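Across the two complexes that follow, chain A remains constant while its partner is chain B and subsequently chain C.
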Partner chain A sequence: MIGDIINIIKDYWLLLLIGQYPNGPLGGLANTLILSALSIALAFPVSILLALARLSKWGLLRWPVTALVYITRGVPLLMLILWSYFLVPLLTGADVPSFYTMLTTLVIYQGAFLSEVVRAGIVALGPGQMDAARALGHSYMGAMRFIILPQALYNMIPSMISTFVATIKDTTLGYVINVPDLTFAASQVNNQLLTQPFQVFLILAAVYYAICWSLTHVANVIERRIARKRAGVVSRQSPASLAQVKVITEQP
Partner chain B sequence: MNGFDLSAILRNQEYVAMLVHGIEMTFIIYIGSWLLAMTLALILLCIRFSPSRFGDRAVAAYVSYHRNVPTLVQLMLWYFGIFTLLPSGLADWLTAHNAETIFAVIGLGLCQAAYFSEDLRSGLRSVSPGQMEAAKALGHSYLSAMRFIILPQGVRNALPPLINHSVSLFKNSSLAIVIGAPELTHAVKEIENLSFRTFEIYLIGTVLYLVFSLLIMGAGAYFAMRADPERRARA
Partner chain C sequence: MITSASSPQQQTIRLSNVCKSYGNYPVLKNIDAEVARGEVVVICGPSGSGKSTLIRTINRLEEISSGSITLDGQDIHAEMRTKDLNLLRSRIGFVFQNFNLFPHLSVVENVTISPIRVKGVAPDAAHEKALNLLDRVGLADKAGAYPGQLSGGQQQRVAIARALAMEPPVMLFDEPTSALDPEMVGEVLAVMKGLAAEGMTMLCVTHEMGFAREVADRIWFIDAGQILEVASPEEFFKNPRHPRAQRFLTDLRH
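Right after this comes the complex of A and B.
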């Protein structure tokens, strides 16, 4: 059993790492990481805009965004992927690689989830910060830019990392539209070997475990450091509200 | 492709029957895995609170595995991997009895048990130790303090994440399509292939998922309200 696993790794490590690159599209673990990093990088600004819209006093901004967030939280990611697979080529009129379809879906999905985190982070700061900033002559946007967001976003770094972990796990769903990622590479290996599915998928699980476990570990270390740093500054409520924030981001 | 026409699907009895069957299977998978997850979570919780250090480590490893490996990969490992390792008698029996659905329930249930047990554990830990000491000082035994003082507060604290994870379990039941379980997403894909009315059937599928998710969220919020004595007193 262990011999089989070592043999599979020896024969197929390159396929699992970068897919068929350079003879074909980049795939494997490299693509999984690029896809998740890109989606989180793009989802981040989207989530701040969505959170600001949800906190806005204009119903015209607040209601559609609230609806969007509830829809994305109530519909399976798989269903959203199917939607993008159908709509993105229709709207752009071009043959879009499945990588970009998946990227679009993840940006919308994680953007909606992260916006809840950002919103909770802003609300957790309490109204006093905004009042004080306004009293000192900041405009609403200026106060957000210089006073509220820097504090809120700093407190949210651990939740961001756990969202990144969630994104890595979500990229596996690209399998249904044939995104050439790690899961896809593993199933290719499985199709070539045919006889050792358990070993192949065990390797797959182990790789995901190693990545996600270490990132979660990093998040926990940073969380403790931030909690210590802010203990004197923010009221005692804040660790509790941060825990709440983590509950929202943690998805299977 | 003709214009937008929902009735083309909703008036077609064959399609409606497929949708209804899909919804049924989705709920069988959801309820089955929810019950399995909750039962396992309680067992895991008991092991965690028992004094055995080995048990504690084992449960921590179980939780860590199920939280850090994507659910889809866990399902694939069950269906494509472990299924092939089973003795042939058992494998034949499973094949004859909807192996896809059974493995979806097992895979999702085991995965969700890790989340549920962590939710319950952090809920119980958020009850301050002073509560137990006070209860004992007032003459409660350990068990009766647990029953009347600690558990009611701990479970109430655990309710919000439990509700969140119950909703995500419902959404995750759609992953069963990858191992071929005939649930709602599967029905949607099949009707799409038969009718070519992609937009309409996706819309129906999305609305169904959304309605059921919101119903679960609503039911959860109702339970949370019922469990909160302060709010119950006000209502």
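Right after this comes the complex of A and C.
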């Protein structure tokens, strides 16, 4: 059993690492890491913009984004992926590589989820911080940037990491539209071996676990470093203030 | 230190016919009043009477339904660009019941962030001024600490220093001592008395009747959204004219 696994790695490590590259598209673990990193790096700023839009006083900004969040939350990611894969070429006639279809879908999907985390972080601060910033003359966006978001994002690090980890795991769904990632490479290996699916997919699981665990570990280190910088004080708001959802919708 | 308070320009807060309601429920009814330059006004009244709402309308943390509020003749609730409103707000210091210090910033950063980000003061100059202000409220040694490490009274004194850093000609206090343990009330009131003595124009919502008696030039008694009585402290505490004020003072003594 362990011997099988070692043999598989020995024979196929290059395929699992970079796919068919350089004879074909880059794939394997390298592509999974690139797809994950890009998804997270793009979904994070998108989520902040979506959260701010959902808290905006302008309905024109608030309603479309609210609709987007509700729809993405209510539809399985797999359906969204298949839709974008089949619909976008049909509507535009453009031949979009599956990698970009996957990336865009993931950014929208995880951006919507993450925006709810960010919004919760902002709302949970309570109205007092925004009041204080406005009373001192800060603009709404200035207050967000220097007062509200630094606290809200910090408080939400654990939830954000969960979403980031989910993003990494969701890249595996690219398999259904032939994104050449690690899962795709593993199934190629499995198709060649035919008799050792358990061993092949155990390797796959172990690699994903290692990636997600590393991210969690890095996040914990960052969180501790910020906590130390803030002298471990960040006083938690009373539960009562959580109820005041009125907050931070933009005021003139 | 608070040079702007003693500027020669005559400035006042004037409230004319201010009304505010939440739906059909009126919170402020036809408020007519004014604060002269250098004057200390204490607003008192039973809870739920609209005191806090009233003071929050003066820097437009709350909107009003009708009427007008002016600072130096400038209508605070007029249609204006947000930039102008922000500028206007920065000239009205506000101290909150719950301090609302920024917990992710150190004490000195709490005091410097607004001069730097709003007024564009150079960081070095802002820092130096902040240390002066902290010294004034007796907290020079806490400059590097974080709000979570301070007592309530210390936090409120930092909040006062933070407001003063914008050099506002007017300071508003919304029950600044109500969230404090009794033994910390004095240190905050002492800072406020110092400000009053320097000629700062102040409007305070407070239940500290000792402070009102000693420091206030005038008292506004407010109940159910109306100013029922405006009087000097001596008059108000000896001979309150309005029956509601009489009952309020009797209740306080019990």
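The definition used in the following text is that the second predicted complex is superposed on the first by the 208 of 252 C-alpha atoms of A that agree within 3 Å, B and C clash if a C-alpha of one lies under 4 Å from a C-alpha of the other, contacts with A are read in each partner's own complex, and residues count from 1 in each chain.
Here, a residue touches a chain if its C-beta (ideal position, glycine included) is under 8 Å from a C-beta of that chain, and two chains touch if they have at least 3 such contacts.
If you're wondering where the values come from, they're calculated on a predicted model, not measured in any experiment.
Shared-chain residue A:136: touches chain C; no touch with chain B.
Residue contacts after overlaying the shared chain place A:71 against chain B, while chain C stays out of touching range. Residue contacts after overlaying the shared chain place A:12 against neither chain B nor chain C.
Of the two partner chains placed around the shared chain by superposition, chain C is the only one that A:154 touches, whereas chain B remains out of contact.
In the superposition on chain A, contact of A:184 is made with neither chain B nor chain C.
Of the two partner chains placed by the overlay, neither chain B nor chain C lies in contact with A:164.
Comparing which residues of chain A touch chain B with which touch chain C, the overlap comprises 251-252. Taken in their complex, chain B has these residues touching chain A: 64-65, 67-74, 76-77, 80-82, 84-85, 111-112, 115, 122, 160-161, 164-165, 167-169, 171-175, 177-178, 185, 188-189, 198-199, 202, 205-206, 209-210, 213-214, 217. Interface residues of chain A, counted against chain B in their complex, comprise 70-71, 73-79, 82-83, 86, 165, 168-170, 172-173, 175-176, 183, 187, 190, 197-202, 204-205, 208-209, 212-213, 216, 243-244, 247-248, 250-252.
In the complex of the two chains, the chain C residues touching chain A come out as 59-61, 63, 82-83, 85-87, 89-94, 96, 98, 100-104, 113-114, 117-119, 145-149, 162-163, 166. In the complex of the two chains, the chain A residues touching chain C come out as 128-129, 131-140, 142, 146-147, 150-151, 154, 230-231, 233-235, 251-252.
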